[in-house]
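Two complexes, one shared chain (chain A), two partners (chain B, chain C).
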Partner chain A sequence: MPITTLADSNPIKLCVVIVGLPARGKSFISQKIVRYLSWLSIPTKSFNCSTNLIQQLKESNTTANQLFNKENTPNHEILNKTRQLTLDQILKWFTEIDNCGVAIYDGINATKFERDHINKTLSDNNINTVFLESYCDDQSIIDVNITDIESTSPEYFNSVSLQDTINSVSNKIQFYDNVYETLTASEESNLSFIKLINFSSQIILNHIDSYLKSRIVYYIMNLHVKNRYIWLSRHGESQYNLEGKIGGDAALSERGIKYSHKLVEIVDKYIPNHDRLEVWTSTLKRTQQTAKYLPFPKKQWKALDELDAGSCDGLTYDEIAEKFPEDFKARDDNKFEYRYPGGESYRDVITRLEPIIMALENQENVLVITHQAVLRCIYAYFMNVHQEESPWMSIPLHTLIRLEIKAYGTEVTRIKADIPAVSTYKEKGTSKLGESNNSLNIMSGSVISGITDKIVN
Partner chain B sequence: MPITTLADSNPIKLCVVIVGLPARGKSFISQKIVRYLSWLSIPTKSFNCSTNLIQQLKESNTTANQLFNKENTPNHEILNKTRQLTLDQILKWFTEIDNCGVAIYDGINATKFERDHINKTLSDNNINTVFLESYCDDQSIIDVNITDIESTSPEYFNSVSLQDTINSVSNKIQFYDNVYETLTASEESNLSFIKLINFSSQIILNHIDSYLKSRIVYYIMNLHVKNRYIWLSRHGESQYNLEGKIGGDAALSERGIKYSHKLVEIVDKYIPNHDRLEVWTSTLKRTQQTAKYLPFPKKQWKALDELDAGSCDGLTYDEIAEKFPEDFKARDDNKFEYRYPGGESYRDVITRLEPIIMALENQENVLVITHQAVLRCIYAYFMNVHQEESPWMSIPLHTLIRLEIKAYGTEVTRIKADIPAVSTYKEKGTSKLGESNNSLNIMSGSVISGITDKIVN
Partner chain C sequence: MTPSNDIAEIEEAKISGNYSARKIQRWNPSSIYATSLDNTTNNDAIHMNLPENHISPAQMYSTDSGKMFHAGSICIIMVGLPGRGKTNLSISLCRYLRWLGVRTELFHLGDYRRKNTDLNNASDLNFNKLNSNSYFSLNPENSKIKILKQEIKNELINDILTFFQSSNGQIAIYDAINGISNERNNLYNIFKSKNIKCLFIESIIDDLNLLNDNIKDAVNSPDYKSWDPKDALINFQNRIKSNESYYENLNSKSENLPFIQSFNFGEKILINDLKHDFLATKIIYYLLNAKIKSHSIYFARCSLNKLNFKDDPPITDSGKIYIKKIFDTLSTDFSNNKIPNDLVVWTSTRLRTIQSSQIFKDAGCTVIHRPELTQLNPGAAEGLTDEELNKKFHDSYLSHESDPYHHRYPRAESYHDLALKIEPLILEMEKLPYDILIIADETIIRIFYGYLMASNAKDIPMIEFPQNEIIKITYHTYNNAIKKLVVEGIDKD
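And then the complex of A and B:
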């Protein structure tokens, strides 16, 4: 039996209102919260003020450069319209969702006056509010962020060069710096807020008065900003894989053992700083045997054990189709929610994986050796894959996956060991095992041994 | 498959060093952290400076009154000895535990100098440190705490009257107030700390750099200080109870239905402010039928579902003993860890109950209607029952349990409906059902309908 989801337990409408000067990682934080809460099945959407600003600029034939240029008189009309539009979109969205949802207002929200207006408007509409300020006075962090913005912000999409963007962003920073009022408990004591100082090196919390808010704080405390790698692999081919059986605690096949040797070479060749690598496995034999020859510290996690197939453990898909025909169909109809009799669903796996995700957000240089369903869930979190799609992703055996986690996305590289293995991918509606050519299968593509294949989410 | 425990995942030695003037709820917070982490199976122990001080006072024939009286010259020797003793006890404890553990240094730790010394000593011994200050300038909170201390602190155990204690504590506060230096990120920027301002209305976090620390912060954010009630009940007697079967999703028996009606009366009579009551049930029929006539808002939690008996679901204990004789014995040998084939262990239930505990810490006026094993786990948390003992507690049917949660303990009152029901208590080593007379059975005693039976933990 799984724990209830946050969505079930907290039927609350919450708006996280971001506060911060340009180049303070606001969109990064917004996107991370969206990803985390969505992964936990809470309807979450980010509303980006910049996107609305572009629309307003187009309509009035202005550029961001002109708007924020200190030589010009500030065009308050455009800015006010943009803010109202964002707030209206949020209010509209809350009328469309049923029960529980989190909106992120991703904007600068520089002044007490603006924040007070937002707080009042939301409160009048029975929406809880928490402000989330990213305050940063470390110029080196700001500089890195400005450079990052070039490649990501729609506002500067048409800038000719990096230098252009930097100038624009600097103008914008100056523009807002003059009016910016940071959140303080003395000045805005009535507001519920989270203030991050130089990312999470210091955090000030004021009136964090609900479980959901405390959960967001907890997540943010565990966030990393710097680019880093996470390495993932399924165990080598097992005896059960050969026999087409699911679950169990079988040993590796001969080819699986080959992969466990090959993995040492691959790690040596492809993982930089592998002298600091840590290897995480499940408590099951096949992952531990796969890690056997890797000369690094190891951790065993029960949370990394394969999805529990309950009464179907040890059966082939053909046997399941025969013995439990209704279950077999029900699973294909809603693979995310379907729970094996006496076993688990994908949703259950996500619930128990949550501490792993927290730990992975906290770390780098980790190689996780685990199982198909578990890898799908971890992968779905980092790649922001929809929950209905995640159980259908194909994650082949004998392949090392590199996730390069950057501020604004994750890049995937697959390093395929040249060791054949059976496919364990079951196509929808059949009990046949074979490679998926499903369009949701974002892991597929032509990958040759040793050649990397970058896919950006 | 359960998630790994925090203890498994974080083999780390952490000392939480409490900072704060007298009457700032330091021992309350210490005890709560001990209870929470112990419940999660992390070895945790609090080391109380006051307890050591009493020993030192006895040895030198001094009283707390004399020591802290402003007329006298301060006796620094006694205080320094006490501090060193506490630190030594902590270091010794860490050599005795294996792997992962959390010590709480429950003291005043008023000055930067003292804190620096503690931090260095612990760091030299490879122990991580986080300081936890309770800063409070709200005199009304302080006054309540001073009154509370009388009934709880060993230091004032021999005080003749409440007024005596208040005077002593006030002297002690004055004594430390002169030297007290609050934690600030500017002055002690190198320290990892959590600063609570007027309990959790504002919180400042500095360098919270590990998962375990973030988890402690998360817990503290959800803590309540004020006295309140939590109400617990098992579902009414079910058809399965009558047949001696475990698990399943049976409807209530006739007597169970009687209880569901009676519960309305009992709630009306015994629960104050029941106009604001919220009723939580599991997703199983028998809890929902029990709540059926209660005219209050209801929430269904999957996390409150009964311990999953896997392959043994729907069997009687006799049948289990016959079909799975080894499992039957294994469960008696270690009931906390034993997992039914394809089902759950008590440890698994605790893992999934964690959000319920967080939510219960956040709320009052909740009536939880759930199942035997789940109630045992919730009860164990609030009453600080040892994990080996918790699965053996007897929690009878047709009884409303009131937990009165106070700063320094929980009082239990049982209100027994006068409706007979079968016993579902299985004694160790037999498959027989009958009332336990186990000494661990802290719920037992002669309870008459409507009469309360207070047991303080």
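And then the complex of A and C:
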């Protein structure tokens, strides 16, 4: 289904052009927008200038330090070529995706001249543009970002040492600092732009003239730039899990209760700064019982309740296959869109999870204890899992999941409580439970045993 | 983060089963039968006080404390000279927030003043003069006026506090000039001491044409009910002048309050020191789309909507006649009996509605088709009479009877689903600076109507839109107004 805005009946063709000196969290923001819009089923892709620059440097046998030196300007041939290459890639992408989607131009775009050129090229191709500047004069934020670039940016993968990278980034910052022109409503009044000052301690918005742009602004306002962790867990094994039933509001099983005790130890051992931890659960009994022994402030959210299985609530998959054979098959065919009779689909869950995602984006130290389907949706958002795969992810019981949010992506670690539990995982085409060795559906990242503290895989 | 003292969303899971959790726990059953805001559905309910168990069209859930999203209580304080669209903006924001299910109430200082004084008779308040002794000066010299002004403000602030403390209120919108920095800081501190967050919203207009248009509209204010429009305009301009010399803009350097400054109704927006919670960002998101509107939204039913949901046949001959009559009747509502070419027409993506909108395309209108405007999917209930439904889906039928707004038959959509689905369209509707004609099924018209007239969710499935009427809803500063255009020669249904 093509997405259109009502202001003009053409399908959406929007390019978000990032503006900002090095180490201003530009790539972080680009990645986040990709994640959010993809999660809302809008085709979105980020085009990183650095990747093209590396190639251009190689071809012309120049080093970054040679390029970013005082005698050169942003109008240097290598930089012009890089810009053109990135624009060409964006234009080509729009034709590939049926002219409907959002491209992110992730570059420095330091001068009015460059921005003017980009704006003109895009509008000549009927692409709507919004500039997004991250302006930062708080040195402490910049320093943290530089360190982060060292460990994650593709541009510095082959760097010899941290110092090497810092020097190189500082060199680049100096080069651009001399020519950098920040966006102002008086100087570039006709441009549509979003300007974040020190990570949204102040925001200036100019000509945000379409619904989609307002949606992007709304999302960015909730962003937090600091590296941080988000902690997720399913509730402990429940009576219904033992019986193979779905939904319901059952209490924990004996092993589930064991997990709720063990969780206190695991939190103590693995969650840094847990004195400031906040625990979020659903309004269902099994998540509240799982959180029972955790001595932290708690919030219960209706939005974290398990996907509503409607008339199939309280049945086993065998019973569903028998009673509602058509539904059983329809769900396997398109699990993301399938809605239980009187219940919800994964898409419905995503709609109601939006406030949770926004809240998770602007908080630190949160442990979310919720249910399989809801965790799949949250996990899919942070890990950029495609909607065709996300409903099939295997999310084990009795495991604390750590998501480490970084500029270039999210890293996952699973901490197993080593308390046995039944599997509630159902593969396509069967009503039987349990994982096979289909590794595609297993989460990425490493697994740590909560007992031995050793990495298991 | 401090432990939340907002126990809003802490509820015991009382009934087993998710299905019941959603159907019964989410709404207190009595709320579904709560008194409507408004029994005569032709009035805009935006100025009515909210009944205790009010359920809004796009509300996702309800809580015992009445608060949503763990966002606490917020007082929105409008800031701006007269004629800057503050009242308009606050009403439009209130409409949106209420529709989302956030318990929001409006507090217009003008209403409190009118209650306590009389603009036509109170000559000692110098309403009509332009000097520092006038009631409308931000800083009157006359001590009697000064005291009266303060008393009126105190009454309003007490009402706001009562709303938070005794009526489960979540957002209060305080609509006044609030043009003095010290006073704003005082307000901030008063509310802070009660654990209520403040958000200041200032409206600035530096585009003179825009300002003049907006001032012209001010003579329609209840202040000038029995006035000659010319005199009213002069008086109002004097009111602005007497405030200008004292007025202080919000400024991040001299007062670091959480604020949003909007220039020329959202052309440029400055956001300062916001604590980025979900509700605050949702408000900004709305302000980015809200424009001062004085346009009309027309609704016409599409013909032949008794078809099965999945059928998509081309338009019939009688359908062509029907749409011609709609076109002709609508024309009579415009000058020279001619459909203006800046009218925007929205329809669903069904073949017959695309074809029927051709006549508007030929008249030069912009026509847009959106899949979200497709009628409510009746699922397994399609084509069944009440009796058959009762027999075939007995339990489901009973649930539907008790809550037709939220209930879904197997495979069907509910009105609530439709409301969530069309939220983007509502924001685009607020943004478009033109008249809009929406040609859609009755189920879709109900949802738009429910938004524009601030209806209670429970009333929405009952509102009837006969085939032979075009409904016109016009945005006014104070409320939205309805007019019905009868289409001659068409049956009611």
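We take it that the second predicted complex is superposed on the first by the 424 of 457 C-alpha atoms of A that agree within 3 Å, B and C clash if a C-alpha of one lies under 4 Å from a C-alpha of the other, contacts with A are read in each partner's own complex, and residues count from 1 in each chain.
As a working rule, a residue touches a chain if its C-beta (ideal position, glycine included) is under 8 Å from a C-beta of that chain, and two chains touch if they have at least 3 such contacts.
Predicted model, so just to flag it, every value in this text is computed and none were measured.
After alignment on the shared chain A, the placement of chain B and chain C results in a clash. If you count the residues of chain A touched by chain B and by chain C, you find the higher number for C.
Of the two partner chains, neither chain B nor chain C is touched by A:Thr182. With both structures placed on the common chain, the touch criterion links A:Lys302 to chain B and to chain C. Legend: residue contacts after superposition of the two complexes on their common chain; A:Leu205 is shown touching both chain B and chain C. Contact with both chain B and chain C is seen for A:Gly310 once the two complexes are overlaid on the shared chain. Once chain A of one complex is fitted onto chain A of the other, the partner contacts of A:Asn222 extend to both chain B and chain C.
With both structures placed on the common chain, the touch criterion links A:Ser170 to neither chain B nor chain C.
Chain A residues in contact with chain B (one complex) as well as with chain C (other complex) are 1, 4, 6, 9, 185, 200-208, 211, 214-215, 217-218, 221-222, 299-303, 305-306, 308, 310-311, 313, 342-343, 351-352, 355, 358-359, 362. The residues of chain C lying in touch with chain A in their complex are 1, 3-4, 9-11, 13, 15-19, 21-22, 25-26, 60-61, 63, 69-70, 252, 266-274, 276-278, 281-282, 284-285, 288-289, 344, 346, 366-371, 380, 396, 408-411, 420, 424-425, 427-429, 431-432. Contact residues on chain A toward chain C in their complex (touch as defined above): 1, 4-7, 9, 185, 200-208, 211, 213-215, 217-218, 221-222, 247-250, 276, 278, 283-285, 288, 297, 299-303, 305-306, 308-311, 313-314, 339, 341-343, 351-352, 355, 358-359, 362-363, 365.
Interface of chain B with chain A (complex): residues 1-4, 6, 8-9, 185, 197, 200-208, 210-211, 214-215, 217-218, 221-222, 299-303, 305-306, 308, 310-311, 313, 342-344, 351-356, 358-359, 362.
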